[in-house]
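Each of the two complexes below includes chain A, the first together with chain B, the second together with chain C.
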Partner chain A sequence: MRWAATTLYKIYVRSNCQTMVFFVLLAISPGLSAHGLAPAHNVTAQDEPDDGGGVIQVRWEISESGGVARYEIIRMKGAGATDGIVVGVRNGAQDSFLDEGDEHAIENDVDYRYTVRAVGADGETADSEPSAQVRASASWLDTTLAANMVAVIVFAAMFFVLVMRGRRGKPLYIRPIDALEAMDDAVGRAAEMGRPVFYAPGLHSVTQPATVASIGLLSRVAEKSARLHTRIMVPNYDPLTWPVAQEVVRQSFIKAGRQEEYDPDDISYLTSRSFTYAAAVAGMIVREKPATNFLFGHFYSEFLILAETGAATGALQIGGTDSTAQLPFFITTCDKTMIGEELFAAAAIVGDDPISRSTVKAHDWFKVALMVLIPTGIAVGMLADFGMLEELLHGLGVGDPAAAASGIVEALRGGR
Partner chain B sequence: MKERLGYRVPFVLLLILGIFMAAQYYIPHPMVQKPAQMMIQWKQPLNAFIIFLALFGLAAMHVRKVIRKQRRWGYSVITLTSMALMIFVGMVWGTRHGTIFSDLFKHVITPIEATMFSLLAFFVASAAFRAFRARTVGATVLLLSAVVVILGLIPVVEDLCPPIARASDFLLKYPNTAAKRAIMIGVALGAISVAMKTILGIDKTILGRDR
Partner chain C sequence: MSTDPYIWVAAILTLGVFSFLLRDNPFFCAVEHLLVGLSTGYMFCTYWHNVFVPELVTPLWEHGAGSEAHLWAVVGICFLWACKYVESVKDLSRLALAFWLSIDLGLAIPTEMEAGVIAQVVGTMGVSFNGPVEEIFGNVVLVGGTLAALTYFFFSKAHKGVVGATAKVGTWVLMIGFGASFSYILLSRIALLIGRLLFLLRDWLGVIH
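So, the complex of A and B:
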């Protein structure tokens, strides 16, 4: 006390009047705020939709008195509970909190209420009225994905219709793919030159669609190589793709009646580090000098090392990928390239199976639907932006054109 | 009968689990999400087992090469020695930061990989040289577009010749993005199609079987 009085006296002596006024205000401020801190009001709590439960959104209107340093969000379990736990803190300007139950989990289908406690700079508190009861619940459908789901269902419907047509043996025209047509000749070239065929199935696992498509093409290349007594080398990056590639090549050699020529060491696992793989494969290409390189699947930046090494050794190169980042390098370095979807289409039509071929038609049908839908969506969006959509709907006799227009715009944006 | 059962059981499992995993994307309910997450976690021990299997296969291949004294069997000796060394130091002194394993990795593997990565700069130049020869109308358009984009990305060009910078920006923002999106839509449809063919057993390549 004596120390405080001495300090105040020193400040009074050494500083001007304003400093003293400041300290006086500071000293009496708790007394002022004790009568002035108003609580937050209109606290509402509602279950977060489209989730697995356990999440509640709390909102409030901020204190009218101001001077709030922070809000503490208190969750109370049960209808009549008055005590709760602090589940979150927000600063004085914020008016919402998403309670995800990080430290204290929220049970689904249990009643909760929320209170928001305003805390002043001096630690004084003012509690709001509790919110109405709320229950977190788990949804059985994420409606934010409705547009996505409808698109998949439409695509699946087209797929099944065309598979049924394929089963009936109805002929379907599919545009020839240059790179696919050139595959047999490329293997023939290797046979004539007495050099091996090289096949890289990409860097993704066999659980990825591009690798599945690549393995489908591998069976064709391996069978052709076996028929022409040509060695095929398949170095693998992914340990899961390796046994599948081995089995596919073995089956292809059996199908071609050349089982004795199959060498499992030619279908090897190398490494799962991309640039180490690139170094190993580039070395193999330089040493073995394959006549033809097939590069089908998903690749990353190491692709250019493989393809440029192949080009330097004079190999004929045929490639295909679903990686848009690597496509320019494929087009630059390969003699024939399957661009994106062509890789999947080639894998479907390579076996001459009518059912498999018919699935390619599903892509085409859906693409036609998209070609109609995308410009339509753009046109409707532009009409909405210029405020003409409501007028148009009104002119068409729609009951509530404003609501209908807003619903259409929401649907276009992929919302609920 | 045994062989048919051997192929049918995996396909029945594939059908059930494939449909389940596709459906779980749209269903956030814990009754669906919990088993889905559990199945995703099963991949980790399976992956560890698969890597072990792959390494065993790699070692067996090189051992065969050495025993048979096949062409360039010396490389196989180096590979086997390196594998044995890394396994030994990793098992004896651990793999954490500061151990011999970590040092070998940091001072041998990393520089080698960095060297390979740096080669890309030269390969990009040689590939670009081949691609940008104006032999056809298409190749000429490609060459001109590439020149505009390259120039537009040079900071000083933005001050000296703003139209080139704007043209470069336009090419990247509109024709390039539109083409990329078109390819991505096609790829997505192809991927869905491959997944459906695999789940329905139309495409059997995933089990190493010819179609």
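So, the complex of A and C:
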């Protein structure tokens, strides 16, 4: 009604019959004040795409009258229902609400309708017309992750091709990794000094890539230690990595024919608090004085305490991690370091089977694909910057080159 | 000086940990064992009260045989895991481990691909060379450094010739990045040290305000 009043006022100011319009305004003014709040209109509701269901997006056009303190979003279950529950509140300037069913869950494949109730500062209310029926449903595919899916499929295809090649006996070359080659000598050093070998498998769970790689390397170190009659100590942070480490070391001792020398107490669980783990390990290193410390896996800020203590005792240290924040500390405190992916490659080389080596090869092929994709994307972006992308697309016969160019730039710089 | 007994306990334990800087000693050893015992006990209680009882025991107790199927599956996995301690059937515990590993790794793949690959590639492709000179220079370093670092992590070729030279550039890029990261993190560690010193000097001894 406020727009009507504004329009009449303009007529009043501009017209030659101001007295008459004044009386018209005066006559309708009680009505304007009594029915001053207009409802929201064009309320629409639609299922939120690319999700597991149970979410509905509600939109509306805000009240033309203004003066709305808040909007109450009311959900009605069933096609003919007129009563509903308030599922959300928005302020007077907002025009959408994502109903995620926080307090009252939305059932999938059930009809719902929505009404938006405008509430004025004085408590006056005005309900909108209800939206059309809507159903929430679960999506089979999250299309926002399409690039992700394509990348996984491409990587998997590369992996399988390389595994087939490896199984046919085609040699798969992997360049030497310094830290890996130094591992056997480091165990030999411990054997010569008559001191134990110390192995920390990191702080991540055994399901994380760095820990999986670390466990792979542990088998190599444990087997070498067993062959050289050298004690190996593996203090664990994660309670589920602990039994895995125990089993790997036990198998390595069996493989080396030294099963009787395996001591399960040397593969221990300490604690799952990082700095407490660091304090305990630092104490162990100082008391047991291992000749060699292997530090492979994912570590956090406690790493420097471990490595600095090891360095202070004169131990040879070989480490590797995928934690970019901790790599500087590995490089400064370890004699040899595996940087990031070198850790995974080393674990694959230790495995020395076609599947493990194919994994590294597949990574390499994938990297080559990325090294081609990145400059290509940049070149396309530059064409767009200099206004040449539309011309190119037009020359290629694209129907709507402007929209296509806009979409490409959006994909490059604003999304996936 | 503080009269709060908790402050005193915390201060004595802090000094116990600091005493390791001199050498290993019985005081540090006692504090270390106390910390390990406390943290493990605390973790056990946390899992017991926040996970095991409310998520598994209570629902099973309330609904009995009519409980949701996945809860019984969890019970089965728990028993498989416990088989580890019975010599004759201990290999069954591997089933529980295999189940858990496969689920966790399967969930990790899309996350890793999204955060570790797609986001990085899109971020690198999205740079613009249509701006001020310093921005263009920064973007050239970013793209060139990324490609050189990727070459360093290429394992299928020996680092010789062009590949070797590019990998060498990649090594420099990595080392410069690590250097910057090192100094940044070192500052945060100093802030932690200042925090402990403040605790000792202000909260405990009260010699500064």
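Going forward, the second predicted complex is superposed on the first by the 366 of 416 C-alpha atoms of A that agree within 3 Å, B and C clash if a C-alpha of one lies under 4 Å from a C-alpha of the other, contacts with A are read in each partner's own complex, and residues count from 1 in each chain.
Just so it is clear, a residue touches a chain if its C-beta (ideal position, glycine included) is under 8 Å from a C-beta of that chain, and two chains touch if they have at least 3 such contacts.
What you see is a predicted model, and the numbers here were worked out from it, not measured in a lab.
J.: Is A:Asp353 touching anything from chain B or chain C once the two structures are fitted on A? First, second, both or neither.
T.: first
J.: Kindly classify A:Phe386 by the partners it touches after superposition: chain B alone (first), chain C alone (second), both, or neither?
T.: In the superposition, A:Phe386 contacts chain C only.
J.: Return first, second, both or neither, reflecting whether A:Thr115 touches chain B, chain C, both chains, or no partner chain.
T.: neither
J.: Mind working out whether A:Ser139 is in touch with chain B, chain C, both or neither, as first, second, both or neither?
T.: first
J.: Considering only the touch criterion stated at the top, classify A:Ala213 as touching first (chain B), second (chain C), both, or neither.
T.: first
J.: Is chain A touched at more residues by chain B or by chain C?
T.: So, of the two partners, B touches more residues of chain A.
J.: Under the stated touch criterion, which partner chain does A:Asp265 make contact with: chain B (first), chain C (second), both, or neither?
T.: first
J.: Once the structures are superposed on A, label A:Ile339 by its partner contacts, choosing first (chain B), second (chain C), both or neither.
T.: Touch partners of A:Ile339: chain B and chain C.
J.: Examine A:Leu412 and indicate which partner it touches, taking first as chain B and second as chain C; both and neither are also allowed.
T.: In the superposed model, A:Leu412 contacts chain C only, not chain B.
J.: So in the superposed three-chain picture, is A:Glu308 touching just chain B, just chain C, both, or none of them (first/second/both/neither)?
T.: The answer is first: A:Glu308 touches chain B but not chain C.
J.: Across the two complexes, find the residues of chain A that touch chain B and also touch chain C.
T.: In the superposed arrangement, which is not itself an observed complex, chain A uses residues 145, 148, 152, 206, 209, 240, 243-244, 270, 272-273, 276, 279, 287, 301, 304, 324, 327, 329, 331-332, 339-341, 345, 360, 363, 367, 370 for both chain B and chain C.
J.: Please give the residue numbers of chain B that touch chain A in the complex, ascending.
T.: Result: residues 25-31, 33, 47, 50-51, 53-55, 57-58, 61, 64-65, 72, 109, 112-113, 116-117, 119-120, 123-124, 126-128, 130-131, 180, 183-187, 189-198, 202-203, 205-211 of chain B touch chain A.
J.: Quick check on the complex: what are the chain C residues that touch chain A?
T.: So the residues of chain C touching chain A come out as 17, 20, 24, 28-29, 31-32, 35-36, 39-40, 42-43, 84, 93, 97, 100-101, 104-105, 108-110, 112-114, 117-118, 121-122, 124-130, 143, 146-147, 150-151, 153-159, 174-175, 178-179, 181-182, 185, 189.
J.: Give the list of chain A residues in touch with chain B in this complex.
T.: 50-53, 108, 138-142, 145, 148-149, 152, 155-156, 159, 163, 206, 209-210, 212-213, 215-216, 219, 239-240, 242-248, 251-252, 255, 264-265, 268-270, 272-273, 275-276, 278-279, 287, 301-302, 304-305, 307-308, 311, 322, 324, 327, 329, 331-333, 339-341, 343-345, 347-348, 351, 353, 355-356, 359-360, 362-363, 366-367, 370
J.: For the complex, which residues does chain A have touching chain C?
T.: 145, 147-148, 151-152, 173-175, 205-209, 240, 243-244, 270-273, 276, 279-280, 282-283, 286-287, 301, 304, 324-325, 327-329, 331-332, 339-342, 345, 360-361, 363-364, 367-368, 370-371, 373-375, 377-378, 381-382, 385-386, 412-416
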